[in-house]
């Protein structure tokens, strides 16, 4: 879907340093003990350990913590397709919590499905590991507003 | 909307102790420095101080932090209308982020709009204070699944 | 919320003719037998009669019909705040169906909550009349992308 | 995902007649000229011809028409996994409209991602054909409430 056209080469050469740099400035990621565990064109995975400090009343990972990890994952998945001086803002997200988030490690993935000049739509998907088995616990969609640097002609994409 | 019928009197007499007790067990609320600032039948407000540890890359409160506070607010707004032995689970939420969350204090409110035997729908609304002025920064909806104790006949409500 | 500033006077003078004209070109509104029953700055109500042709399997008005009326209501509520040469596109909507839509007439209302230069967020709300009583049957939110004519300086608004 | 266990055999033997029968009673599907074009366990596709009667102001298929087809597709995808005497109700759906729906034929697909005892979550996806090429124009998620016949022990599933 993202053939290595002229527009995208630049960013792959930079190893997504603008994404990593931005991620390091998010105070909440540090607070949650989260790190980027996968980063490629249009796909970002953020991981965190489950622990009592992230829990709701039944000991599951709080739905809002999953939403936080997923929101950053989708935002950075979008930023990974944009030039270094771009900015991304979350317009909205909607997430279904499909299973109690019980386990030791969470993977929150964001994947760009549609990228227009202003609007990107991402798929969000979280899995949690319990007894060495990964299971989906949250799934949803996100709309991102893209602020590109002036004169940007980066390719758009749609699934 | 919630006339003081037999079913609801019990809970108002208890000062919503089942809500407060459950809130105290949410590790994430402690981590975010959040507390319940308003609690009445079907309405809960949770407040937190804005600080670098809750921020995204531009210094705004992270959308996921707002979602976390709002999710708990809506869940507890629902629980406030249910008998003490009930449980609530978030099925899904959808939130629009309508303004950059820049300021010193966040109020996240959940209000039950519809309460059925199994499903509640809440309105979620977050405001942030900057220069002594409160402004809305996030707004959305939430679906809650209610697990009532057996034999419960609490009144339902719909706006 | 919409004080009669310079930017808005123009449009109130035109009696929202750009909104009415656009509405008449929507083939689906004619097919559903829908008409605009209220139109003011930032608020549009569209009405339709319930009938077997609009029903789902239980004889209720189909959720998608409610969504169709609500989507147009929110879109035109947004357009009512923009200059005549503007266009609006639905980015997304999310609707909760809070009660079976059983009755004889549906009112679908869209109200602009937030209007930025590019993005508007609307509240959607449908009621249905049964035995002379109106009840809410659907409620949700909608994101609209605004294409304003070049050089437009219309006021933005946020709740 | 749906291995042929005892619970599901019954329904595959019946050729999903309870789904087809229910579909025929939806007045709106007839009004839109829609038919079921694919039907298997947990997946339903509904198709309709694009025509002026289904259009919005720019001649695209109206977002609400896509939502109507998608809502029925997801509902029947869920019903296809439940015993014949079951009922399904849409709790909510959220749909992103990712491309103008310009073309001659629409395919609206619903796929069950998660099926619990009461709640199912479906993925909704619409494509439109233009110049013989199919492109995605809408994508979203849906929550369904399942009313199973008493004593039902049908298998649940989660992705």
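Letters A, B, C and D mark the chains as written, and numbering starts fresh at 1 in each.
Note that a contact is a pair of C-beta atoms (placed from the backbone, for glycine too) under 8 Å apart; a residue touches a chain by one contact, two chains touch by 3 or more.
Fair warning: this is a prediction, and the values are worked out from it, not measured in the lab.
Legend: contact pairs of B-C compared by residue number with A-B, C-D or A-D; the interface matching in over half of them is A-D.
If you compare A-D with A-C, the chain pair joined by more contacting C-beta pairs is A-D.
When every chain is reduced to the mean of its CA atoms, the largest separation from subunit C belongs to A.
Note on chain placement: the centre of subunit A and the centre of subunit B lie 25 Å apart, centres being C-alpha means. The geometric centre of subunit A is 32 Å away from that of subunit C, both derived from CA atoms. Rounded to whole angstrom units, the spacing between the C-alpha centres of subunit A and subunit D is 28. Among the residues of subunit C, those in touch with two or more other chains are 91-92, 94, 96, 140-141, 143.
Subunit D makes touch with subunit C in their complex at residues 22-23, 25-28, 30-31, 51-58, 62-65, 67-72, 87, 89-97, 100, 140. Subunit A makes touch with subunit D in their complex at residues 94, 96, 98-99, 113-114, 121, 135-136, 139-141, 143, 158-159.
Across the complex, subunit C meets subunit A through its residues 91-92, 94, 118-119, 141, 143, 145.
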